[in-house]
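Presented below are the structures under discussion, each in the form of structure tokens.
Here chain A shows up in two complexes: once beside chain B, once beside chain C.
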Partner chain A sequence: MVDTLKHAAVSAADTIHVPAAHVAAEHAEKFEFSHLLAHMQNSKTLEFPGGHIDLPQFPPIHLGSVTIDLSMSKHVFFLLLSALFVAVFAIYAANRNRKNIIPKGIGNLFEIFIVFIRDEVALPNMGPGGLKYLPFLLTLFFFILIMNLLGLIPYGATSTANISVTAALAFVAFIMIQAVAIREQGVAHYLAHLTGGVHWSMWPIMIPVEILGLFTKPFALCIRLFANMNGGHIVLLALIGLVLLFRSVIVAPLSVVFSVGVLMLELFVAFLQAYIFVMLTSLFMGFGMQSEHTEEDAEHSHS
Partner chain B sequence: MFDINPGLMVWTVITFVVLVIALSKYAWKPLLKSLRDREDSIRQALDQAEKARAEAAELLKQNEQNLVKAEEEYQKIIREGKTFAEKLKEEVVAKAHQQAQREIQRAKEEIQRDVDAAKQQLRSEVADLAVLAAGKILDETLDARKHKKIVDSFLNQLPNS
Partner chain C sequence: MATEPKEPRPRDDTPGLDHVYRNVAPYLTLGIQLAAAVVFFFLIGWWLDTRLDTSPTFKLIGLFLGFLGGMIKFFRSAAEMSKKDKSL
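So, the complex of A and B:
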């Protein structure tokens, strides 16, 4: 992994053009594939058409045994870029919608998603009381969506294909789910719920299980988003890699056709995963907002 | 690929938290507000339209009722007019009939009177004529028997009336 990172300076597009004659065939193949894979990795350089720039590096901060490296990297850059995009477009849309009674253009586009998140995600999962958490869900949705989509444009990178990013998002979701549960039920009720409502003699078994249950939900969120965003890319790279593997132009048309198909699928998956992440988060938040009885029902009906 | 980079996590969390705070205030609040406002106004407009429709229907019903009433009234008026005209006609005819009867009666009476007068006159004239005739006969041959015979036969020749 670290080795591939070091080779990541060249983009996949460049890689295909690397003349294979210069190096030994076996080595070249390895070299090119590692470059293809490196395309998905985080890196310290930012590529753009016609060159690349080295991102600013900061000395890592040591916090006890944890080393926090706040240096800019490709994924940090696209993370911030997504945030900027979301902020600019959302605020622009908000201003436009304030002026236009009938929304149009980007204001309309935003509203479609907002209405969807509100009516299809927040209201069914959390009820009318969940509307106050709508800004959180909307931000989560658009942030993830733009990060997913930025990976599909050339020279872009999918920040959500990095497990650190999805872990952090899942962490935020986890904090939010617990905070909502505590806020809506009260601490006593929240703790009582950790016992699973069984006889006290079962508590030594029940409490660890329930606590584990608290963590599995965001863990699943984290892995799901990460794996989905990686999966499409890996398939794409594998299809392009076929050309390199066979060292033949004949394979290229097939590869391209399949790549286009997979890319379309990825476009769909980008939306789908953003939706699923937000939907599940709101669902888990909704569990914390309901009374115990209905919560059990909801969990049963959903599993 | 699976190694966690704490720095990136910190970046993500900070970015996300800042984004939530900033967008809640500057984007989602106005967006949701304009959405809610529009939904309210649409709902209101629909309610108003529904109310207006109900009012229009009510008016239509009223109009129809009025129309029916007017129709009835006009039928009644026509009926009344007809009966009145009928009655008037009968009255007029009856009066005319009476009048005619009276006229006829009077004419008859007058005729009767004239006839009576004429008879009377005739009788007196006949008597005169008889006397005259008797005188003439007496001038020629006065014979009592003959005389009487003449007078009788004369009288017999007269019409009975």
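So, the complex of A and C:
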């Protein structure tokens, strides 16, 4: 996707500036624009103020016909960094909160989020029985949140703007949703639910449709997070790219003001998308836990 | 200058984001599901056609079955939604 964007941007620059006389400037501009776009892409180098380091590369592993490249990339680095942040801060906050009866500092910050997830997400969606899945939801929330926020600091990269990362997160959510449904309903009821409650002659059609239905929810989760994290970056690039396109100082203030606005919006979206991902995951887990009761209720109302 | 006590803001009754998502979540993926059902059965038909060299018989049958299954699922979900609405 980023590749096609890059091509579109380069070709747009071509069509706009072909009549322009200064060819050298055009080359410089092309470089700048693709350089801007490169910030959104995954790369094998890690940039920091004053230089860059090449991340360690491993030779790809061959498993039959599948080739797996497990070497580090920028997104992998920030994914591991956010995992480290979550672990260190959460353990530190937990130890501090154990000592202080009234939490303060970072312990207090964590408590706000934890209480919010417990009272506003887990309890309304899953009921008191869902509290045993609260650690999973909290881990998911903090992990996604830190990954989103790391993309907003200079020289950072948004791991969640990589569709492989969101797909893996959605896969974990998918496993969890199915595991909770099987655990709470039992295998027999879970399989019965897959038939969709239609006549047995329709089962060959309805069972694939229901199984597809199981996959569409995590698929939507994956695409939602990926698109939201990428969208803000694309808008930012477009706004900054305006300066390069118009080659004029007059555009710069407008571009900067709007960029700051979009950055504020991105800060909000970073929190919102982490919340929505966890919210929907817990909601689908809650459906798996409660569907037994609702169906019993439905059967009672029928008879 | 002493700050005057602020009037309590009237509590707005508009449902919050969490409320909206909780109600709408089961139906967010209905469209994808309908499309996925049609595409899935069409691909099965395509595969059967290339295996048995009977194009386009199984593609058409697959399209029909996918559309049928998708629509049944779609309308069952819609019926559930309206049933829930009445109970509210």
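The criterion applied here is as follows: the second predicted complex is superposed on the first by the 263 of 303 C-alpha atoms of A that agree within 3 Å, B and C clash if a C-alpha of one lies under 4 Å from a C-alpha of the other, contacts with A are read in each partner's own complex, and residues count from 1 in each chain.
The rule is simple: contacts are C-beta pairs under 8 Å (C-beta built on N, C-alpha and C of every residue); 3 or more make two chains touch, one makes a residue touch a chain.
The structure displayed is predicted, hence computed values, not measured ones.
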>> By the touch definition at the top of the document, which applies to A:I163: first (chain B), second (chain C), both, or neither?
In response: first
> Which partner does A:E210 reach: the first (chain B), the second (chain C), both, or neither?
Replying inline: second
>> In the overlaid three-chain picture, which partner chain does A:M202 touch, first (chain B) or second (chain C), both, or neither?
In response: second
>> I'd like to know which partner A:P124 touches here: chain B for first, chain C for second, both or neither.
In response: second
> A:I106 contacts which: chain B (first), chain C (second), both, neither?
Replying inline: neither
>> With both complexes superposed on chain A, which partner does A:L194 reach: first (chain B), second (chain C), both or neither?
In response: neither
> Does the superposition put A:I114 against chain B (first), chain C (second), both, or neither?
Replying inline: first
> What residues on chain A touch chain C, complex-wise?
Replying inline: 120-121, 124-125, 196-198, 202, 205-206, 208-210, 212-213, 215-217, 219-220, 276, 279-280, 283-284, 287
> Quick one: in the complex, what on chain C touches chain A?
Replying inline: 18, 21-22, 25-26, 28-29, 32-33, 36-37, 40-41, 65, 68-70, 72-73, 76
>> Quick check on the complex: what are the chain A residues that touch chain B?
In response: 1, 41-42, 60, 66-71, 73, 75-76, 79-80, 83, 86-87, 90-91, 93-95, 97-98, 101, 103, 110-111, 114-115, 118, 134-136, 138-140, 143, 159, 162-165, 167-169, 171-172, 230
>> Can you tell me which positions in chain B touch chain A when the two form their complex?
In response: 1-13, 15-20, 22-24, 26-32, 34-35, 38
